[in-house]
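First chain A sits with chain B, and in the next complex the same chain sits with chain C.
Here is the complex of A and B:
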């Protein structure tokens, strides 16, 4: 009887979270999984099409291009963000004047809306009257304007902006990790004659291991998912060079101005593409997880 | 472990689909901030029509019994007339005997998307500005309320119903105000500086002129030609479209004679555009240029030529006062001869949302907006050239710089509706494919063949689904449009 009461209470307390998860999590997923097999424009009748949406997905070159772009974008962002934020964390973990101010300045981009950020960066980077080109020309560093948002450089520009927005956040997580490493380990290493570099590679990095693993996993998911600033900055252009997976999915659900002449929302196909995208992100995350667990065992 | 994987997948899925799920909502809370008080919601328009047949501009309807304000929102994508419409709305709010208050919302860059999102999340406005490329889609999606029942016979006579452009499947959704013509807009100062006497008449001349203008202006950052390629559709469906029409072809790839798609009509145009890119005669950064930043650059004298609608004079009068002398001319054609009339677009302006809880109040505002004085002033102030016969015949000529070149001539006419907006196309769309060719080259014939195959397949599907009617008209004459 007591046990029943206890479990009853447990379920009672779990109920609000379950309700929220069901309404905000399970229902939309179920909705999307259902409509994956339909042709549905958001109005009128939805017609069952079986696996036709997936057949279309298989031959949708634009989508697969966006998958490649996403990996370039995410890879580039990770390759710069992780080392940079770790380095900044190590530097800003030392005691010096102005440390708090610097930490705040580097963290600041994290709390600014990515869409607002993209608008400001557009003013800096656009090649016809952007400030960056004007300064570079004035200082004679470039012979003529560079088309930062053109087909050749747009991806690099979006990666740099993404790095700027993300570094502060990961730096903060690394700082928290660094502060958990006891000082006496470094003291005894110093007594044993280890220099700064040796201390970093043989003490800091291994002891940061668990934090590093989580940070990298978060960074992978975030980079594969991120599209908001790209949408404002380039809307996936020019000629699809910065189209990423989730932006492509978003456009199927809510056609952006660039698609205004075929204004129909494609909920059925959008759901199928969204599902495939979720599977891709899931697989990458899982692979990373398995890899890092294996490395743990090796250690 | 398995739960963790599931959790990751669920999180990602949630983010991707939660927006879409909202669309399942009933839209009961259709308008933001309504205080209610108007018992009209849900009544079919016909039952109200009898007591509501004052001519446009009438404010004589019954005052609200409750004394509470009825707040309505009107969303528009027009910015060129923003100051004027703001004044008009203000005076309506001040004088409304029905206690109706209109909130004017102007969104330009992502208007269509904002409307879709608003409907999907149950926050649709009460009144919407509809255009020739949105009214069909929005009527079919059920966003719009038919207004036939509200119209008095007098209004029916005053405002012509234009099938496909304000009357869809026999139901009227909007009334015409102004029409837009499309022209080549050019910087006279830069032309003079480059020693070019007149705007180009052929595509080859356009390419040559752009080169000369760039040579003359590059030192000051001015370039010969520009387009708003942030949206390839918005760019090419105003520029290449009108040149194709003047060449005698449907502007959006459709051939009315055969009732099939034939994008080869775009070939000479896209080749000319590509040549200008290759020559370095186009504004750098044009790939990320939206129409407003483009206009701002033109107003500063940084662009020699571009192609756009007759809303431009209003823009350079109010939004971006032009620092240069400029004019508009008919667009160039392949051989310098005009083989087809160029689009006179329009036939619609305001529409009432099907989800509005205060449709009668919305209609009262709509009637007010279509009042003679407001429409006349609209043309006279140069915001648009009236398409309403009784206004066009009585309103004065617009007193605004640059409008002369946009005035409709015998070479302007309204093309029948092309089915392009109703197609569910698989793969890359024509404007994107052509823009890709302009920037990175390729085999244009193969691109056109691929587009034709995919557009015609989509057309066949749309015909089979009963969404589109496409009958060949071998006698179709692009010079004999109304």
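Here is the complex of A and C:
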């Protein structure tokens, strides 16, 4: 009897959470899995087409370009963010005056909207009246204006902006990991004559190992998934140079007139592309996971 | 830092050792200074830019305004409709914060303190929503649902969608609850308090620190939210939040002559968070670092 009342009460209290998760979290995923086998433009009838959407996907050069762009973007972002944030964490794990202020400053970008910052960075990097060029020209650091958001540099600029937003977050995750390493290990190492660099490679990195792996995994997923800031900054342009896969998916559902890439809304095909993209992210995550396990065994 | 102990080992003259140590420290200090500078630079430019005339920004090369144009804010407030945007952002953030905390704390309470069939399934469901992402695809069925419920002409549709993503807060509250002893619940139960009464009178007050951090996190997340408010206000500009209104200025035909408004708008969006961060930056950081362990 008591058990039954407890169960009833529990379901009552879980109901809001369950209802919202099921209707707004699960149902949309089911919707996408259903419509990815249909030709459905959002109006008129949806007609079943089997795997035609996936055949189209295989031939969609624009999509595969965006996949390549995503890997360049994610790779570039990680290659700068991870070493930089690890270095900052190691430095800021030592006790010195001003440490908490520096941590707070470096973490600051994490709390600011990436969409708002994309607007600000647009005003900084834009070549016509961008502020950065004017500062650099005035300080004689560059001979002429650089077209930061032009076809040659747009990807680099996008990556740098992503690093700006991410470094503080990963620094903090690394700091949390570093704080779990007991200090006396370092003390005995320096008594044994290990210098700073040796301590870093032979103590910090191995002891940080598990944290390092989880953080890198998080970083991979985040950088493959992110497109909000690119959407506001370049909208995938110019000429598709910064088009990333989830931005491409977005445009199939909500076509924007301003982009270099325009399409009609295509919910059926879009669902297929979204699904395929989620699978790509899953495969990359899995590969990384297997690789890091293999590395673990080698050690 | 890097080489100081090496010098100590190799037994070089004291002066050289000292030079090495100070050289290393200087280098690290310089490195930190450059990083902090690069991080603050865009924010400083935004702050000063919001107080310049548009001509002054376009002419460029200056950091500090010749004459502080506080009128920019007044004009952005009225002409660029930022008063409306700010109100919408506030409403969206406050409503989804309250909703998230209620929904997540109720679920966390019964999952941690009660036994019932299907508990593991529920927890698994919550966890899976945090990891599966198919991008913007979900926005379309969510939008169509809200059209059916006639919620697409208000911000309530977006509020519900933001509340539905409460898994993260749920797990935070759950792990906090695990650390709380059950003695108070038991005592209250013996005194004849009902399950709902225990939730309201015992659990919620005890959860207060975790609820505070969760509120901070949810509020900032909703405040910074871009895609959902964007998609839901495509046909309702009067519902736009600060983030959406600002990005519209950037793509608008008048972008070039409204740079100072864009800076002012960005400041309006950033400042409240900056103030909250200045007061409670430990709580912000706790949140991120905690997500790794829990």
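By definition in this document, the second predicted complex is superposed on the first by the 267 of 299 C-alpha atoms of A that agree within 3 Å, B and C clash if a C-alpha of one lies under 4 Å from a C-alpha of the other, contacts with A are read in each partner's own complex, and residues count from 1 in each chain.
Operating definition for what follows: a contact is a pair of C-beta atoms (placed from the backbone, for glycine too) under 8 Å apart; a residue touches a chain by one contact, two chains touch by 3 or more.
Since the model is a prediction, treat every value here as computed from it, not as a measurement.
Undergrad: Kindly say whether there is room for both chain B and chain C on chain A in the superposition, answering fit or clash.
TA: These partners clash in the superposed model.
Undergrad: A:145 contacts which: chain B (first), chain C (second), both, neither?
TA: First partner only, chain B.
Undergrad: For A:127, using the defined touch cut-off, is the partner it touches chain B, chain C, both, or neither? Pick first, second, both or neither.
TA: first
Undergrad: First (chain B), second (chain C), both or neither: which does A:61 touch?
TA: So A:61 only meets chain B here.
Undergrad: Go through the superposed model and pick first if A:85 touches only chain B, second if only chain C, both, or neither.
TA: In the superposition, A:85 touches no partner, neither chain B nor chain C.
Undergrad: Quick one: chain B or chain C, who's touching more of chain A?
TA: Counted on chain A, the partner with more touching residues turns out to be C.
Undergrad: With both complexes superposed on chain A, which partner does A:111 reach: first (chain B), second (chain C), both or neither?
TA: Second partner only.
Undergrad: Quick check for you: in the superposed arrangement, does A:281 touch first (chain B), second (chain C), both or neither?
TA: The answer is both, since A:281 touches chain B and chain C.
Undergrad: Given the touch rule stated above, what does A:253 touch, chain B (first), chain C (second), both, or neither?
TA: both
Undergrad: Which holds for A:271: it touches chain B only (first), chain C only (second), both, or neither?
TA: It touches chain B and chain C both.
Undergrad: First (chain B), second (chain C), both or neither: which does A:94 touch?
TA: In the superposed model, A:94 contacts chain C only, not chain B.
Undergrad: After superposing on chain A, which stretch of chain C overlaps chain B: 19-27, 91-99 or 127-135?
TA: Stretch flagged for C-alpha clashes with chain B: 127-135.
Undergrad: Which parts of chain A are in contact with chain B and also with chain C?
TA: After superposing on chain A, chain A residues 24-29, 31-32, 42, 122, 128-129, 225, 235, 246, 249-250, 253-254, 258, 267, 270-271, 274-275, 277-278, 281 contact both chain B and chain C.
Undergrad: Within the complex, which stretch of chain C touches chain A?
TA: Spelled out, the residues of chain C in touch with chain A are 1-6, 9, 28, 31-32, 35-36, 38-40, 42-43, 45-46, 49, 57-58, 60-61, 63, 102-104, 106-107, 109-111, 114-117, 119, 122, 125-126, 129, 132-142, 145, 160-161, 163-167, 170, 195-196, 199, 220, 223-227, 231, 234, 242-244, 246-247, 249-251, 256, 259, 262-263, 265-266, 269-270, 273-274, 277, 281, 284-285, 288-289, 292-293.
Undergrad: Which part of chain A faces chain B closely enough to touch in the complex?
TA: For chain A paired with chain B, touching residues are 24-29, 31-32, 41-44, 56, 59-62, 122, 126-130, 145, 147, 149-151, 154, 221, 225, 233-235, 237-240, 246, 249-250, 253-267, 270-271, 274-275, 277-279, 281-282, 285-286, 289.
Undergrad: Flag every residue of chain A that touches chain C in the complex, lowest number first.
TA: It comes out as residues 3, 6-7, 9-11, 13-14, 16-18, 20-21, 23-29, 31-32, 42, 84, 88, 91, 94, 102-124, 128-129, 131, 133-135, 137-138, 164, 167-169, 172-173, 175-177, 190, 193-197, 211, 214-215, 225, 227-228, 232, 235, 246, 249-250, 253-254, 258, 267, 270-271, 274-275, 277-278, 281.
Undergrad: Within their complex, state which residues of chain B touch chain A.
TA: Residue list for chain B touching chain A: 4-5, 8-10, 12-21, 23-24, 109-113, 116-117, 120, 133-134, 137, 140-142, 221, 229-234, 237, 252, 283-289, 293, 297, 302, 420-421, 423-429, 431-432, 435-436, 439-440.
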